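Working notes, structure below.
A, B and C label the chains in the order they appear, each numbered from 1.
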């Protein structure tokens, strides 16, 4: 029998809130349901384990920062940088999210059903079995995948065409995959478009299915759609800029 | 100090201080007495050195009137001494600040007077407020202790606590403002030694709204005590402990709870800690405290006789004042000796 | 031929009478200066970096080194450096990178400040006889203390202190990352820090598992690249430092080339083998002061408010206001890195021209914090060109709580300040990841040398304090009265708030 803990987040400061969460996790909770969340930052900051946290309301910035394991499901929008420097685990947002979503994320997944702000997936990086995945259901703003060093950044454009400009500025690892066509003018220097191979399609299909499953969407039109894949033009963007004394 | 508030006239302390002439250079001495102005006990007694009464007094009058009421003011009676050149005219005001002018303050009267002292002294316009408490008066000048005593006829004043000091200045010889005691509101300080941490202490106290105007290290002691006791509400012995704290070695050996608060005290008041050699006696209307630096680099002896407490650099001064003294002790370094008068 | 070859920077010569052809120079020089030809050792001086490894290894003192054996026509403006930079850029069209700290000939303010000692009016103290306390606490302090006396006379502390680092000497070792320097070098410094009761920084390269035994003496750094940063890393450190900037290159990011990302570096930084490690210029979750406060809180929240958090900034023109902003966040310490701070590699134009000296930066930060009445509530750590105990004493008198040393600790391990760190061939086993070179640095011996240096400076500091009649370091802090300026101009003395000698 799964152990569920309910917390009323109304007016609770993030420090005692996180203390309650940590205590529930230590006591063996499998699911924590937190109601009346409004603006509390750092929820799940540095949290370990494999608990699932259901958040009702709008959490503040840096949701799931440094998190390593748990799943956080947000029934509402999220502010800036959910999944900041996250190591493992999953953040599912049934709404929109702000700027710098998944900033420096090293592992785990951030799924956003709606749109995200500027600099989504900035400086995500991967290492061995750590492979960060950011999937955006709607659109993303400029500097998508800035300084991207690893992982997968997938934008589905479910609410209309993707508007991002300066995509992949400073990208030196990982990949950005966007449903539909992307105008060359939207690419930043250092980023280049390559065709999506069948192998790539096979690779992203399970991610799309998981995303569709989380949000109750039909995956089939998405797995079969046309995608643009954007990768670094060079793994060494700074070569050629410097000389030694 | 007389713990029963029985007053003593100034002749006794004059005699005691004159025993300490070997320690001075004849360039500054002073006295402070608590209980000297019973008729104006509710007024702040402001003692001012005017360079020139005609030229400088108007500004002080106007400033005081702006912040309250001058109940009475007059020249402090002085008597020419052959070897004492009166470079200032000592004046006294009995002043009542208007508390409605500092509505945000929890102690509006003290705050107004303390701010006025800083303002007048910083302006340097021929006026220096060197005494500013209620029912207390500082009498000081450049000269030998007896000359200064006679200049003010100190024996005409009656007080239940007296401090006196004889100066050997290296920094500001001859400047009357540089003579001890230093006073701010209720607190007065006399000090033997040199505070090597002065630069740190001064910058700390100035960052909290005090202004050092006397060019001498002792001044900060008065302000530090005011800060710790009046503004931060520390007990006097804890305030002294902040100024002359135990060494870390001793703190490390304390039981946990004691160690914790001693550590907290040192960390919080690190810039208030005083270094270098010193023996200090400070007093306010109800209290007298004597303490030395934590390495005990300056002398201090304590005498007791019935209700009276004596603190001095030398036993001789105590015996000169109280030949029948019952006990003479030498307190440990940094350990405060505290006397309190009956309420 | 347009520019042609430039004069060699150094000339190495071997005295054939003294040389016994033992070939130690050949073995020890990774730059290929020496080779054997029959019964002689030949020299290619053009490869020389003046690292002195050959000289240190030669059993017969047969090798000599001369700098600039060939002169340019002398000119006060068109110096050798100016001309050579132009030749370089005319050929390449690129930004010049250089190693070590600021190499321009600015006056050193430290060398124009003199310390005080007691004569007569108060006794100087002999550290052998009297305790001189150097213990320093780095962390947030209270503005005032709520101490109450209970009925039974016990004292009750009603305001809890937040965690502080207790440092036994105000000399700490700054952040030099694994990757920029070798694991043996980090290990040596970590052991020295533990032995001397001080702390060292990890730099932004993560914490190698070999250093876990010393983790309670390590300050873990969080830089814009977030390399090696996870909750485990944050919890291991004694404190956490957010690196905003570096004195050697204020305003720009960092870049560890893929060649240096060997297997161990890759594991520690948590990035793929051989990939470039790029630290962006800003933290992309910090675009303003309130964002910085948020990162401070995020780090404290992640570690349940048990760790002090420092914020390191480069000393730039507005350093005082920035530091005051940091002080108003929950940050425990502001680290200020002056324009002489060292580096493995930085664009020369930044290294030499951007930022201000640490002396002026510390003085203005201390003053600004005092003006706002919050100086004692936050600690100030200064770094960038601290060369000896006198610099430490002067920095503290100007207002710092403690210093970070960097280059000095490397020099204690053998570094000759040749400035070729970026080439990854450090013959002393310090700034290299090449296993045969790394193993030249014996962590046991090197840790003893670094510990000796810290001990020696600590002894000197105690003597300087004693001579000034001060028995505890907090009474030197910000005590500008115990400094005098010698041949400093008046406006600078105003900034430093010191009087001139004789005054």
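In the analysis below, a residue touches a chain if its C-beta (ideal position, glycine included) is under 8 Å from a C-beta of that chain, and two chains touch if they have at least 3 such contacts.
Worth saying up front: this structure is predicted, and the values here are computed from it rather than measured.
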Chain contact topology (line, ring, star, complete or other): line
Chain located farthest away, centre of chain B as origin (C-alpha): A
Chain B and chain C, separation of their C-alpha mean positions in angstrom: 46
Separation of mean Cα positions, chain C and chain A [Å, integer]: 37
Chain centre separation (chain A, chain B; CA means) in Å: 67
Multi-chain contact sites of chain C, meaning residues that touch two or more partners: none
Overlap residues in chain B, where contacts from two or more other chains coincide: none
Residue numbers of chain A (touch at least two other chains): none
Touch list for chain C against partner chain A, complex: 85, 88-89, 92, 94-99, 224-226, 229-232, 234-235, 255, 258, 266, 270-272, 275-276, 278, 280, 284-285, 294, 297-298, 301-305, 347-348, 419, 422-423
Chain B to chain C touching residues, read off their complex: 170, 193-194, 196-200, 202-204, 206-209, 231-235, 238, 247-249, 257-258, 260-261, 263-265, 267-271, 273-277, 294-295, 297
Interfacial residue positions of chain C with respect to chain B in the complex: 118, 121-123, 125, 130-131, 133, 135, 137, 141-147, 149, 154-157, 159, 161, 164, 369-373, 375-376, 468-472, 474-482
Contacting residues of chain A [partner chain C, same complex]: 14-15, 18-19, 22, 41-42, 45-46, 48, 61-62, 65-68, 80-81, 84-85, 87, 100, 103-104, 106, 119, 122-123, 125-127, 130, 146-147, 149-150, 170, 172-173, 235-238, 240-245
